[in-house]
Amino acid sequence: MGESTVYANIAVYVVEGLLVFFIVYKIISARRGRQLFIRRIPGLSALDEAVGRATEMGRPMLFTPGLSGLSIIGLQAMAIMSHIVKRAAKYGTRVIVPTADPLLYTVAEEVAKDAYNAEGVPEQFNPEDIRYLSDNQFAWASGVVGTLHREKVATAFYFGYYAAESLILTENGQMVGAIQIAGTPTTTQIPFFLASCDYTIIGDEYYAASAYLSREPTLLGSLVGQDYGKLTMIALIIVGAIAVTLGALYPDWTVVHWMQSHFLKYFQRGVG
Amino acid sequence: MNIFTRLQTIDRRVLYLLIALVITVPLLVRPGRHPRVKFNEVRNAYKTISNVPKDKLVIISITWGPGTTAENGPQTEVMMRHLFQRGVKFAVVSWDQAGNELSYEIGKKLEKEMGKKYGVDWVHLGYRVYYPQVVFRGMAQNFQKVMEYDKFHTPLSKLPAVSGVKTSKDIGAVIEITPSGTLELWIAYFNGPYRIPLIYCPTAVMAAEAYPYIDSGQINGMLNGVIGAAQYEALIGMQNAKTDAAATSWALSAAHIFIILLIVVGNLGYLATKRAARGGNGGGR
Amino acid sequence: MGQSLHHIWTWLAMPRHGLALAVFIIGALGIGALFLGILCSVPARFRKGIVMAVTFIGGLYLSLEFLVPYKNVHTGKYPLTEVMPTVANLEIVIGCFALLLGIWNLFQIHGKTLMKFGKDWYNSAIFFLTFFSIAILGFLRDKGVHGTPEMFSILFSGFLLSLQSTTFSLIAFYIVSAAYRAFRIRSAEAGFMMVAATIIMLALVPVGALLTAWLPETGFLSAFRLERIGYWILTSPNMAAQRAIAFGVAVGALATGLRIWLSLERGSFFDRQL
């Protein structure tokens, strides 16, 4: 096994090429004005209701990007946060943002400042509400729990990368009676959020959030492109399953040999 | 407040006290009986380690800290024990500062118990900064240059256990012991490209996510939390030893039964309250 | 040219000690501040272009390194991969600058609370106390000052690690209250989920196997042993769901990454005028 296997093979070129093509193509067609449909996602529809509740109660809200760093997950959390801060700015409700990553903290500060500016209330922006607590998982979690209790938050949003601390945060949020909405692509934490939050956005719904909230054509186009990408994967799975099944039943067929040498060999079972 | 409403609203402090008792008692009693059932992935982990040639090095990767010692500690111990039993040399590398000390202590304890020697039968490479793209590839291409020295800054060339390890060809398996999502990185940058068997030892909560990789053959075996460690102990002849893994597996049994009982009690209350409400509203649909 | 660049790079990257190290640290900070100053003085209309270009080049390097790895036939090496450690170091350096900003934020918040003796001021005092104790002891320990390793160990292992373990262990309690509160059979789906959860919880622990030990180990009835049903749930329905979510998440991440790389991201601070 050579070092060349560290790099992309033909399967990667084809699959990734198709995915990129669909996403870019759909973005371009959406920008040209094509109308695209997006289904209702209850957790995201409830965001405004949750902001309204905090406003009625006159208590602050909490938004945390979890342990996300300056990564795709973290940037997506920032896009969602931007929407929430804008809504909060409209109603004059405070949003506290405790972060665990110094890089993301600087971005969060900019995003919040920008959101208040966009709503025409730059004076509402309080830099002390965007907080860097610690990059240590449980020190950060303890800090967030303290904030939940001390500030008596009415609404808590958990969007981003989460690990074992998820339940610690949400159970404490539950104790202070906060309405809680969570969204994470981390599959291991989804059950905990489901059990303890009012709404949970799961899996790739997380990546649909910014498109859903902004209805911006570029993002909607990207979302539809993603669906085509998933269809491509489903097609590959079906073809693969047929190829393997035929290979087991009729190993002598020419078509089976062809599939083995032109298709299956790029999707080998086992390490690699 | 009637009994059904009470069943639904037991004070959380009572629940906390009960769960503390339920978990603590088996840990104090320490039953030695190990699980009779062994999952396929645990058997496969055992087979993989049993087949590692004696002239190859096994890498034990530590990404756990004190928080998950209860699960990852017994996993580390049982894997080291099996390697010592077989006489296969191993190198421990920690990507967690606290795990660095904890894993070294486990190694030292077993070394003493099993009459092994540091540097000859095993080494600890200490704490390293976690940059998988760089370190994993480098380790496979030039182990000596990338790892350079052990925990005590002794050059690897002076440690017989690892002095002959040059490239990925000299590595027989990787054992990843972790509470984090590090699995894909090993598959992408080390075990996949260089075709090295991977044994995955996650905390139980992470295990469900790993089954697709077991099915695809990208993981050769797995120890599912502390239960996996207890099953592995049984496989290496410790069926009746009073170990932490065995005691914890019974503590978990008790805790799971307690949680199931609570769910049942809560639902009994819920259903009875619902039925009573229906009755009060005019006797049904 | 390449050779001399290599020499300069090797000289710069050499480990240094004492005064030379201090000079290098101050020099690097100065160059970093100068660079930031230049960036800040760039007219607003050009800033976005610079950010877009840097983002694109960064993404292009990582894409090319994986997708089109050029191999130098003479040396047999991959030049793009060779510079990967440098790229990783660059990321660490940028992260360190951001860490300073994070620490500055902590100092600002806690400093103000302490100066005003505001609400919960003692928390802020504890923050400063622990921050400086562990930082100073860490430096002294590295300098080999007698007794400091033990004191550092008390703070690190005795306090930090114990507090971490304690916080982590809280999950055991919260999981009980969350399960008790949340698992109500409100619908057929909820009932189905509860049955599956119960089977898995029993199947994973030794007591589960004991409960159905009376069933034969082979033959048709053996399929009804708890550990077999639990294992089937884990390796069939669970695996299918995990795969589906993983595919969706991967495609979603690819799309978001692509939008950021090509500066197509919209709807938040990404498309504002800098």
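Should a chain be cited, it is by its letter among A, B and C, assigned in written order, with residues numbered from 1 in that chain.
FYI, contacts are C-beta pairs under 8 Å (C-beta built on N, C-alpha and C of every residue); 3 or more make two chains touch, one makes a residue touch a chain.
The model shown is predicted, which means the values in this text are computed figures rather than measured ones.
Chain contact topology: the protein chains form a complete graph, every chain touching every other one.
Of all chain pairs, the one linked by the most C-beta contacts is A-C. Put simply, the chain nearest the middle, going by average C-alpha positions, is C. Chain A and chain B, compared by their mean Cα positions, are separated by 28 Å. Measuring from the averaged C-alpha position of chain A to that of chain C gives a distance of 15 Å. Rounded to a whole number, the gap between the C-alpha centres of chain B and chain C is 20 angstrom.
Shared interface positions of chain B, i.e. residues touching 2 or more other chains, are given as 67, 137, 208-209.
In chain A, the residues touching two or more other chains are 3, 6, 138, 164, 187. Across the assembly, chain C contributes 81, 164, 167-168, 175, 177, 179, 181, 183, 242, 246 as residues in contact with two or more other chains.
The touching residues of chain B, when paired with chain C in their complex, are 10, 12, 15-16, 19-20, 23, 33-37, 39-40, 65-69, 98, 101, 129, 131, 133-134, 137-138, 204, 208-209, 211-212, 215, 224-225, 227, 230, 249-250, 252-260, 262-263, 266-267, 270-271.
By the touch criterion stated above, chain B contacts chain A in their complex at residues 67, 137, 140-141, 168, 179-181, 187, 189, 191-198, 205-206, 208-209, 216-218, 220. For chain C in complex with chain A, the residues that touch the partner chain are 66-67, 69, 78, 81, 94-95, 98-103, 105-106, 108-109, 112, 119-120, 123, 160, 163-164, 167-168, 170-171, 174-175, 177-179, 181-183, 242, 244-249, 251-260, 262, 264-270, 272.
Residues 3-4, 6-8, 12-13, 16, 19-20, 23-24, 27, 72-73, 75-76, 78-79, 81-83, 99, 102-103, 105-107, 110-111, 114-115, 127-128, 130-133, 135-139, 141-142, 146, 150, 164-165, 167-168, 170-171, 174, 185, 187, 192, 194-196, 202-204, 206-208, 210-211, 213-214, 216, 218-219, 222-223, 225-226, 229-230, 233 of chain A are the ones touching chain C in the complex. The part of chain C that touches chain B in the complex is made up of residues 81, 84-85, 88, 92, 157, 161-162, 164-165, 167-169, 172-173, 175-177, 179-181, 183-185, 194, 198, 201-202, 204-209, 213, 227, 231, 234-235, 238-239, 242-243, 246.
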